[in-house]
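Both of the next two complexes hold chain A, though its partner changes from chain B to chain C.
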Partner chain A sequence: MASKRPIRWHIGVFLAPAVLVYTAIMIVPLFGTLNLSLYNLDGQNRIFVGLTNFVTLFGDPRWSDAFWNALWNNCWFFIIHMLVQNPIGILLAALLSSPRLRMAAFYRTAIFIPTILSFVIVGFVWKLILSPIWGIAPGMLDAVGLKFLFAPWLGKEEYALTTLALISVWQFVGIPMMLIYAALLSIPDDVIEAAEMDGLTGWSQFWKIKLPLILPSIGIISILTFVGNFNAFDLIYVAQGALAGPDFSTDILGTFLYRTFFGFQLQLGDPYMGSAIATAMFGIILLGVCIYLFGIQTRLRRYQF
Partner chain B sequence: MANTRSHTGRSIAAHAILLTYTLIALFPVFVIVINSFKSRRAIFAEPLMPPMPGNWDLVGYTTVLEQGDFFQYFLNSMTVTVASLFFVLLFGAMAAFALSEYRFRGNLLMGLYLALGIMIPIRLGTVAILEMMVSAGLVNTLTALVLVYTAQGLPLAVFILSEFMRTVSDDLKNAGRIDGLSEYRIFFTLVLPLVRPAMATVAVFTMIPIWNDLWFPLILAPSEETKTITLGSQVFIGQFVTNWNAVLAALSLAIVPVLVLYLIFSRQLIRGITAGAVK
Partner chain C sequence: MTKTFRFALLASTLLGGAASAQDVTLTIESWRNDDLTIWQDTIIPAFEAQNPGIKVVFAPTAPAEYNAALNSKLAAGSAGDLITCRPFDASLELYNQGHLADLSGLASMANFSPVAKSAWQTDDGAATFCVPMASVIHGFIYNKDAFDALGIAVPTTRDEFFAALDTIKADGTYIPMAMGTNDQWEAATMGYNNIGPNYWKGEEGRLALIAGEQKLTDAQWVAPFEELARWKDYLGDGFEAQTYPDSQNLFTLGRAAIYPAGSWEISGFNAQAQFAMGAFPPPVAAAGDTCYISDHTDIAIGMNAKSPNAEAAKTFLEWVGSPEFATLYANALPGFFSLNSTPVEMQDPLAQEFVSWRGKCQSTIRSTYQILSRGTPNLENETWNASANVIRGSEAPADAGKRLQDGLAGWYEPQK
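Our next item is the complex of A and B:
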């Protein structure tokens, strides 16, 4: 009796364009890069070298010093984001979502504006503001009598990376703010009312009721920050150039990959070592995402309303 | 009484914090824009003074419009952004509809496969993408950029839109089917108009990184004819690094288009996010 169901061609038609473009431009090249990292040049020919490129990258001092430096810098970049960007984002969102707050739409839009600016603008503006010769910062500090606090923050090895991380925080704080704000707004009113009945208001209400409810959103923001940070390149490139000065102190994995693959000044580009670095970055990001998905996300308690 | 007073106090504190942060957020933008209208001497002498008759000077803008190919760059950015946005929204919505509407074998796997791209940045494939574009003869064309950005934008678009499409009522779609509409008509005439807020959310999140991207234009399309405005202003800054007026004017001009697009979409954006698109 049961006649065979007709093939539903429309499903294929709906899916095909997205799957084709995505597979061809994203997945295939990704695996192409992973594959390329196993090859190297032998004089003229491309030969299979197995994991030799990685041994070189992690062990040979000519490469490994730069790699571990970039990796550590990248970790520091991420730590600053987690410690500064996300708490500020949560604080702003909590303030914005308080009921009867006037001008909330204005604040929301204004604080989000840096996020839509291009890195070229952001890097350039902050270089102008912080420049010891031209900059506005020395003059402003002078006006309030704090001139002695000023240092050429972008030019000193010990401050440059932290300064860039804070600039990046300044630019992207709008994203955690927006997502947490949305999560806070979606908490049902009766939960809040019940808390108020029990005498919980203000900050204690935030800590005891709202924060546990938005933990899953904070988790998502953390992982998005992680992926974004370990993929960062543009800000460092526009502010400090491909050499990530001073003396590689702001070098992160993205700029290291760019320099290796495309070459800079006297060094020729090396697609094989470049692929090896990209593969290492892929591994790091995958590791981070897995730790989050299996170690953290499964332990977060979710509440359904 | 005490209660209302503490409430007022708290609201003043909230405004103070928000206002302070707003100032921090807007200050650099403000500095660029006011100084772009001033004479060179006024920029250096009093960077914080607003433009007024004494120091008013449009020399920066005239330099930019005469010397750089700014209009061309702007057009390139516009073309790339609009074309990529169109394909991301169309293909993304189609795939999201297939995933949320029909039950078929491999549905869940396909969803996971497409969502993988949210976590893994497309940049890591750059090496192979460049090789592919070279062999396809697409280097230094805007097509290469559109292809890359479409692939880059699709995962998030499919993810957000399919969450949204699950909320479109089945009765509506079934009524359409009884009236004899094809599945394609149902998608284009019934479902698409209903998910407009979600489309706006996707549009903002897709548009910003495309408009501001420096990496792929630098690698795939650095020629003079295909430069985007982001790459163009980077080069412009390098070439005219001593001409502060021109640089500040160029930066101000580069802020305007994306700001306008953001303001257009932003109302829908909050509605889209809060309706559960990103959770």
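Our next item is the complex of A and C:
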């Protein structure tokens, strides 16, 4: 019974809209950028220069210092998110999933709301809160007798980036909270009951039963945080401007790319070096995602219920 | 009934379309979003009254985004007919790329001196591509009430200036000086390039720097940084995080006594401040020394080379070059001083004070604007960063000078 397998047209038809739109607005520009990074201007003409732009970016101290500074700042931005945002997210999710908590829905909504706010609003509001002149932060610290702790955080080289990272954590802590919360809810009751029968309750139950079961979600959150952080730009630009002051201490890859690509004040835009930076960013993110996919995700143990 | 109504609507649309089709609409690209109402209520109606058939739309972008947005629009072919020109290289580059038309042939160009046109010309002066509109003058605006209350005379020398700051600080009612380093550009523009010309002797030093005869590590270029470093003690608490609008508000609310200013602040301050204001030029070293002021050619207007309405745009530009426009503009926006050779009568006392310095001091422009900000690293942006660092105390004046010099020497032949 030789059955001729019918051509399944519907697959192509259903995939087409998404593939076309995605290709037009993501894939084509991506390859356009990668391509542009191999060109530069020779007087008025665009000429192919191979990898010269990358040699300049990594070899010329004027470019490479700025690049490594931005990359390190970006890493620090990411580290703060991993150390603060994700643990707090997990903690909040654990508290929210506790059956004894009242008004859980209210807390859930309240904590998630900043996530849907625009960067411009978040940056502006926090700048006002922390302003040494009009801000409420100095007043509030004064009220509890801790005025001496106040500093113009956004204006100090040693604190500015950490402050901005914490503002970003405040804004986005709702996302890990929601994902972990969903993962916690999906743990079957019989597993929990079995644990309780064996005398495992409270914190040890969380560490030994729940945490291993939500690890895949934590992995996904980590990689989302990584990609989000290394593409970040808006908050720094809104709060500190394109020069990412003070003294480039808040300069991350996104602001470095913006200044180079579009220019700033008297500095003219350089789309070729800008594309080289964008390509380097793409490479860094790709590398990070690959490490996660092949190094971590494949080793995470999954449990089937 | 609905049908009649629909026909009426349709007919009116058609007729309306036909009527407006005879009009040419010119769009102006600009970064002066603060001036939107002045263009709409004063300048454009005056032009449209004389030139029926030409409509003008003023379409500004935020200052910080203007250059990037304009470049993208020009590259995409969607920019307006008239382009407000930044001075020097930003506009020169647009001209070289063929985005700005050569306007040397305009009759009204004869109304401007070579210095006024220099910011919008090719290096050899062969082509002028924007009609000069205005320059801005730097100095210090002060709170007259505060000075009277504390018995301070307007300082003319540096020693008097710092003595005045000390008096204000000791009294404690006012913050001596309103400036922050968060946005960085005030430190360079209203700091370094405001007080600097007195040290490097205006044009003499600026041209010597371009010629490679002086270096940014020379005493006259480092000394302004040393003076800036002294400002730190007179700025308000938390000045590190103080933004430009914060500084403006501190001064206009009467909480600060002295504001390092550009004359463009005048109209805004007149509207906001409830107290009497005065202005003084950057103090000199000893009484009787020649004073130098930064009288910076700041704003001009040119034509998009690909504009479909070139004739109408030229009509508008001829009008911008006329003495009539100069009077209108200088009085609508006190603090933007006309570059037109015809003297302009101004009503505003603060603006008159600023412009009177042209008579007793030597004028120069900002040191970093002509030619020196063409390469990487960009000298102007580096100067912002260095000035802010010096005021915050995180970089020594000599180190800042050395860093700027190294950067400049990295790409600029005469400085190598």
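Everything below uses one rule, namely that the second predicted complex is superposed on the first by the 293 of 305 C-alpha atoms of A that agree within 3 Å, B and C clash if a C-alpha of one lies under 4 Å from a C-alpha of the other, contacts with A are read in each partner's own complex, and residues count from 1 in each chain.
Here is the rule we use: a contact is a pair of C-beta atoms (placed from the backbone, for glycine too) under 8 Å apart; a residue touches a chain by one contact, two chains touch by 3 or more.
Because the structure is predicted, anything quoted here is derived from the model rather than measured.
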Problem set entry | chain B versus chain C as contact partner of A:Leu95, first or second or both or neither | first
Exercise. In the superposed arrangement, does A:Phe248 touch chain B (first), chain C (second), both or neither?
Worked result: second
Exercise. Can A:Gly283 be said to touch chain B (first), chain C (second), both, or neither?
Worked result: neither
Exercise. Once the shared chain is lined up, is A:Pro188 touching chain B (first), chain C (second), both, or neither of them?
Worked result: neither
For this session: Determine, under the contact definition given at the top, whether A:Val120 touches first (chain B), second (chain C), both, or neither.
Result: first
Exercise. Which partner does A:Gly59 reach: the first (chain B), the second (chain C), both, or neither?
Worked result: neither
For this session: Look at A:Met178 in the shared chain and tell me whether it touches chain B only, chain C only, both, or neither; answer first, second, both or neither.
Result: first
Exercise. Hey, is it chain B or chain C that touches more of chain A?
Worked result: B
Exercise. Should A:Phe264 be classified as contacting the first partner (chain B), the second (chain C), both, or neither?
Worked result: second
Seminar exercise, completed: Note: overlapping chain A surface for chain B and chain C spans 134, 262
Problem set entry | chain A to chain B touching residues, read off their complex | 8, 10-11, 13-15, 17-19, 21-22, 24-33, 36, 88, 91-92, 95-96, 98, 100-103, 106-122, 124-126, 128-129, 134, 136, 139, 170, 173, 178-179, 182-183, 185-186, 202, 216-217, 220, 223, 227, 231, 233-234, 237-238, 254, 261-262, 271, 274-275, 278-279, 281-282, 285-286, 289
Exercise. So in the complex, which bits of chain A are touching chain C?
Worked result: 44, 62-63, 127, 130-134, 138, 151-157, 240-243, 245-248, 262-270
Exercise. Which residues, counting only chain B, touch chain A once they are in their complex?
Worked result: 10-11, 14-15, 17-19, 21-22, 24-26, 28-29, 31-32, 44, 47-48, 87, 90-92, 94-95, 97-99, 102, 104, 110, 114, 116-117, 119-129, 131-132, 147-148, 150-152, 154-155, 158, 182-184, 187, 208, 211-215, 219, 230, 233-234, 237, 247, 251, 254-255, 258-259, 262-263, 266, 269-270, 273-274, 276, 278-279
Problem set entry | Interfacial residue positions of chain C with respect to chain A in the complex | 64, 67-68, 71-72, 86, 88-90, 93, 96-97, 180-185, 236-243, 246, 250, 368-369, 373, 376-381, 384-385, 388-389, 392, 394-395, 407, 410
